[in-house]
Structures are given as structure tokens and as C-alpha cells.
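To start, the structure under review is shown below, and the notes come after it.
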Amino acid sequence: MKTTSWFTLYKMLIRTSIRSRMQYKFNFVMASVLAALIQISEFLMVALVLHKFGAIKGWSLHEIGYLFAIMTLSKTLYRTFGNEVHHLEKYLVGGELDQLLTRPMPVLLALLPQNFRIMAGEVLQGGFILCWSLAGMMHSGQIGWTVIPFSLLIILTGAIILFSIGLATATLGFWTTRIEELQTITEDAARTAAQYPLTLYPKWMSGILLTVIPVGFVNYVPSLYLLRGELGAWVLVAIVVVAILSLAASLRFWKFGITKYQSTGS
Amino acid sequence: MTMITARHLQKEFKTPVVREGRFSGLRTLFSREYLSKEAVRDISFDIGKGEFVGYIGPNGAGKSTTIKMLTGILHPTSGEVLLGGMNPHQERRRTVGRLGVVFGQRSQLWWDLPVKDSYDILAEMYGVRAEDKTKRLAQFAELLDLESFWATPVRKLSLGQRMRADLAASMLHDPELLFLDEPTIGLDVNAKRNIRQFLRTLNEEFGKTILLTTHDMDDIEQLCNRVMVINHGQLTYDGSIPSLRDTIGLPTLIRVTYRGSYHIPDAISSAIQITGAENQIVTVEVNRKEWSTMDILKQLEQWGEIEDVEMKEPDFEDIIHRVY
Amino acid sequence: MLYFTLASKAYSRNLQYRGAHMVHNLASAMFGYMYACLWIGIGADHSLGEYGTQGMISYIAFTQSSLWISGFLTNGLGIPLTVRTGQIALDLMRPVHLFTHLMAREWGQIAYQFVYKSIPIYLLFSIVFSLQWPSEGSTLLFAAIGLAGASYLSICMNYIIGATAMWTTESSWLHWGNHAMMNLLAGFFIPLEWLPDWLERIAWLSPYPFLLYVPTRIYLGYENGSLLWGTLIWCVLMTFVCLAITQVLRRKVEVQGG
């Protein structure tokens, strides 16, 4: 099957997924608005602190807002398309992966469209904080309008990196079956850590966040260049390379993991 | 030409040894000790085009594991599988596109959508041309009576309807090879009959090769010309049903109704076992491999005037239990 | 006896997941560690009031650990689920008051979380950050009372949230709203005195400060225990609300048939 027909099939499966959801009175807009509120309250917490103290390690409220927003939007993009990777455990425990393995298409292509959904609340919340922080920084002259297209770029690369981390963690499930606990560390904890400047953490921690679990490349590293003019324009190229490499690596790992699939009893 | 070739298939499952005591969960996570379970020991067979093979065995014998290895879901620890010359583990997508699979316990249709939508999606997935799809669905609709629930969401179908829809789905791309895992489980008598008829048509009229696993012995008796029995991960029998009966050598039951009185001699051949004698009816068990039917009847005739003779072959179930 | 059984059942049900919970503790500890790092970062450039950097670290350590007994309770005490399955009608029919029934179960859950989550996490923090333990027995005593009160208040609040499931399927609104309030008004990350005045005033009008802020302040030695009167008043108030809500619930079930 050629790439174009994979794409047609993918679109069809996404439409199917959406139609399935429409069958129920699924208030998914409501649910994601709620989630957005929680995340805003998390940012408000930090905002209150910064309101009182001015800056953290030389990072202003607007800059930290930017870090937050990029991370939120990257995660939202990742979870819109790749949510089932995060929920792989239920496929492993229930043996539902069997079904997908009998289809004449790459397993991921069959898996991912199953739970495609628009996360309106998170997009709004992330978008709101992003606009607010960009406006603030542009007003003070810290950045120019070129930051906007680059921000969109790093949201994309960020989503790819987060997806790769999620995929690699999920692949471990082929050996351990249960991965939810591990995911709280590699996905939730790591992501929360990277919402703040990495200089806050001891070297060993920031090291991990730039190598093993490369969340640092989602928002922090690009921000160093885009917001503060540090490093250089090559950073953006490097980010793209990191995204591609991590995706390739996790896909290989995934392919390997599938051969170790044990399925359920009978 | 061989449709399925299995050579020395072996599958070992490694599960970590569950540690007892404090923090057992955490210690299990980090333990390096594994419990090795050999689900499939060493299985080899060839299945030719057009065969209808039954694959049976007690629960936990390795049936599902074998099927999953044949369909590419599991990778064998050692050994190889060829389906129509292709290896499902090296070329999963290409191989899988040429076979049909039906899992009795799980549907491959889209749960919330009308039945016809699933066929549209599957046609796209398997690259089935529009005219072929229409033609085949029309055929299946007739054979399986699908029209009545064509637009019903899958989750609202009865088990029998869902199974029929699943069967049609598995044949949509016209595969030469069909794997069925407990397709009649939980169905009522009529539904079973309907499905068996469909499978028979697929095999006899369309020449499809079918591998069927089931716990229902009637399925095997009515459909299969060959049966493979697996137990403890190994094939304990592979051959036709009549020769299975012979091999097991369970006795045939003969009920003779005598007119008037009869007399059973004290010394009778050891090949005949009397299991009952009430009123005019004598029941005996004989091993027809040792004695031909004619000789047996001649013996029975000597005991009295025969009014009626009834012969009953051992139940297939009983034979299978012997093999298990 | 019944209540003890309910509680201990809830406790032992959790034991089989100890291993997974330990891994989760690691994740929880990491969150706390991050927050502590944040305050260390802030403290490097600013004065941190009466706490100082070390004090803020202790503050974070204590609040993070006590979240498991006053923050992360069973969603709505399980009521939304029983409403969905219809089980609620059976529960209300039992010769046990629904409130005390569910509360007993939750105490078991809280006890488990205290032993297997709060304590290990706090121990980890105290080792990593060389925290001081309180020197006076009375401090520990008052802090313990504060924590118990916080748990009780949290049980009540979850009970009320759960009860709303009887009227709306969107009770998850309240649950998440509750979490958001915790983040802002309970002194989760920032001591309440550092909030803007108007927000601080709002916070004290609610029971939220008594969930985290008050026990923490007592434990760290900044308060003597007089704030516990506030805890007590809120506990009494909440109890009345819960009892009243149960009455309303029961009447609704009787009328509607569950």
C-alpha cells in the first residue's frame, strides 16, 4: 500500500472514531474545559508567586508563561493524535492488540485513530497563555513577531518528542504489561518539571531531562534562543534533529517490542 | 499445494516469578527470575489447499497460542510458519492481507457503527475494489441473511447476528485461507446450523482452506475432513475422523432385540462384551477392528431369533476425551 | 465493630498494590522535589519572609506528604459510581447511615495512604533535604489533630460533591473545581499570607486553608494551635451539611425509586 492510500485510510479511521463518539451524548468539550481549568490553576499558582517575587532565576512571568504554554500545546497535539499510546496498557491487559495485528497495516496506524479527539479546552488554555505571554514580551520589546512562526514549529517538534517518550514508555509494556506507574514519571512528572526553567534543578536532574527523557527540548532549549537570544539559530535546527531522532529511535524500539508481544491466555 | 506449513513451532512464555512478602510488587518488578511456561512444544503440520481442518484440545493445551502464531500475532520462540509461501512474522502486513480471521469472543467490527460502515472501512483497508465489494456482500447477504440488520449498530446485534456479520467481514477481501477461533460459541442451534452451512459452502463451493478451533464436537463432525488434537503443547493426533475412531478403538454398541426367548452361552468370544440384558433386548459392546460385522451378527444370531439390530458408534466426544 | 471492619477492609484491599504505589511515591516525591527546587531558586534572589529557604522546603515537604490524607481521597467517596450503577438505593436502605458508612471506609483508605504514601514520601524528603523534626511533643500532637481535622473536612467535602451526582451527571465539574480550589486556596504551593489580599480573604472564608495550610503551619512551629478552633468549627458545620444532604438524598431515592 502506498503512502497516499495509508493517509486516506488514516483519515477514514479518524472520521470513524469521531462518528463513534458522536453516538453518545459525550460531553467531551466539557471534559476538556475542566482539564484546562486545572492546568490554568496550576499556572495561576506560579503566577501568584511571581507576582509577589518578580522573577525566578532571572526568568520573568511572561517567559515562564511561554514555557507553560508551549508544553501544554505540545502535549495537546500529542494527545490529540497519539492518545492510545498513552493508554496502551488497556490494550495489553485486554488482549485487544490481537485484533490490530491481524490487519494489513502498521499496528500504530490502526491503533492511533481509535481515540482521536479534539481537546478544545486545552487548546484554548494553552493558546490563551501563549498569546498573553507573547504579547507581554513583544510589548516590552524582548522579542519580535518572528517568534510566532517559530513557536508553532517548536510546538510541532515538541509534540513529536513527547510522542516518542510516550511510545517508548508504552513499548516497555510489552515486557511489563503494567506501565501506568512508569508513565507518571516519564510523562507527567518530566513534563511538569520542564514547565519551569531547567536551571532550577540540580545538574543530574536537568541532565536527565535533556537526554534520557528529553522534555527539555520541547520548550526550554528553544526558549533560550527565541526569548533570550542565547546560543544561536542553529538551536532550531538541532531541535528538529532531536525530534526526528527520538521518533526514529522509539519507532524501532516499538517494532522490536511487538515481536515480544505475549497476548492474553486464550 | 500447501496453504499452511508449520515447522517445529515452539512458544515459551516467560513470566516473572512473583515475590512473596513485603513489597512483593516492587521486588517482582525488579526480579530477574522468570517462570518459563512452554505453551507450544514442537508442532509441525502441513495443510493443503481446500482442506477443512479441525483443531481441538482441552483448555490451556496451546490451541490459541498456535493460532496466534499462525496469524502473526505472536512470534514463535523457534520454528517457522509459512502461509501460502509467505512468512507472517517477517512480512506481517502482506501475509495478513491474504487471510481471514474470526475470533469468536471478540468482534472485528466497529462497535458503535452500523454494520455496513464496518464493511466500507474494511474494504478500504484491504484494498477491495468497489465492484468486488458489492458483488461479494450481495453473495454473503444472501447466504447469511444479513439484510435484516444491515443498518443496525454492531453493539445492538444478537450474538448470532454478530457472528454472521463477522464471518462476512472476514471474507470481504476474498482470502484463500480462513482461521476461525470458536465461531459457534454461545450460539443457539439454528444459528449454528446456519453458520455451518455457510462454512461448508465456503469450503466445498469456493474451495477455501479453513482451520477451525472449537469445543463443539458437532462442528468437527459435520464440517471437517481432518482433525488435529493438541494437548500439553504437542500434537497428539493428526488425521481423518474415521481413522481417529479406529485408532482409539472405542467399542461399538450393539442393541439386539430378540423375538421370543434367547440364550446366551457361557463361553462367548472375548471380543464381545455384554453390558445389559433386559426383556428382549441385549446390549453388547464389540470392537469392530477385531471382528467384522458379519461375524459378530452370526454370533448374535446363534443366541436367538433376531428381530431388530441397532448399532451405535461411540460418541465423538468420548473419542476425543480418550485422545485428551 | 462494623466501622472498624469497613475501614480495615478498605485498608487491606490496597495492600496488594503496594509495589505499584511505591513506584507512584517516587513520582509524587519528584513533584515535591520540583516545587522545592522552585523555592530554592526563588530564595536565592529574594527573602522568603519568616520561612527562609529551608523553611519553605519544609513547607513543601509537609504539604506534599499530607496531600495523601487530605487531598487525594476517593472521588465523591464512590457515590457517583454507585449512582450510575443504581447501587446507591441499596446503600441507603442499609441499617447504617450512609455518611458514617462511607466515612468509615474512607478512613481505612486514608490510614493506608498515610502509612504507605505520606510517611515514605516525607521520610524521603527529610533525608534528601535534611529536614528538622519538631522538637516539642505538643507540636506533633496539635499537628496530628490538625491533620485529622483536615482529613475529616476532606471526607465531608467529597461526600457533598459525590452526593450531587444524584442530580447531575456533571459532578466531575465539582471534583475538578475542588482540585483547582485546593491549588489556590489551601496553601498548596504558596503560604496564604503571600497571596494578594483579596484572595487571601476569600481563602479564609472557605474551609480550604484548614486542609493544608493550618496543619503545616502548626507542624513547622509557626502556630500554637489556636487555629484548630477554626478546624473544629468547620468540622461541625460540614457534618451538619452532610447529614442534611443525606436526608435530601434519601427522600429523592424514595420518591424516584433509585
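Per-chain numbering from 1; labels A, B and C assigned in written order.
By our rule, a residue touches a chain if its C-beta (ideal position, glycine included) is under 8 Å from a C-beta of that chain, and two chains touch if they have at least 3 such contacts.
Quantities reported herein were computed from a predicted structural model and do not represent experimental measurements.
*Asks:* Which chain is the middle one, judged by CA centres?
*Replies:* Of all chains shown, the one whose C-alpha centre lies nearest the global C-alpha mean is A.
*Asks:* Name the chain whose C-alpha centroid is farthest from the C-alpha centroid of subunit A.
*Replies:* The chain farthest from subunit A, judged by C-alpha centres, is B.
*Asks:* When the C-alpha atoms of subunit A and subunit C are each averaged to a single point, how far apart are the two points in Å?
*Replies:* Averaging C-alpha atoms per chain gives centres 30 Å apart.
*Asks:* Please report how many Å separate the Cα centroid of subunit A from that of subunit B, as a whole number.
*Replies:* Going by mean C-alpha positions, subunit A sits 47 Å from subunit B.
*Asks:* Just give me the whole-number Å value for how far the CA centre of subunit B lies from that of subunit C.
*Replies:* About 57 Å, centre to centre.
*Asks:* Residues of subunit A touching 2+ other chains?
*Replies:* Not one residue of subunit A touches more than one other chain, so the list is empty.
*Asks:* Could you say which residues in subunit B touch two or more other chains, in rising order?
*Replies:* Counting only residues that touch two or more other chains, subunit B contributes 29.
*Asks:* Scan subunit C for residues touching two or more other chains and write them down.
*Replies:* Those would be 20, 23.
*Asks:* For subunit A, which residues count as touching subunit B in their complex?
*Replies:* Touching subunit B from subunit A are residues 1, 5, 8-9, 12-13, 16, 19-20, 23-24, 96-99, 101-106, 176, 259-263, 265-266.
*Asks:* Under the stated contact criterion, what part of subunit A meets subunit C in this complex?
*Replies:* Per the touch definition, subunit A meets subunit C at residues 27, 30-31, 34-35, 37-38, 40-42, 44-46, 48-49, 51-58, 178, 180-182, 184-185, 188-189, 192-193, 196-197, 199-202, 205.
*Asks:* Considering only the defined contacts, which subunit B positions touch subunit A in the complex?
*Replies:* 13, 29, 59-60, 63-64, 68, 71-75, 89, 92-94, 96-97, 101, 103, 106, 108, 110-113, 117, 121, 124-127, 153
*Asks:* Could you list, by residue number, the parts of subunit C that touch subunit A in their complex?
*Replies:* Per the stated touch rule, the residues are 20, 23-24, 26-27, 30-31, 33-34, 37-38, 40-42, 44-46, 170, 172-173, 176-177, 179-180, 183-184, 188-190, 194-196, 199.
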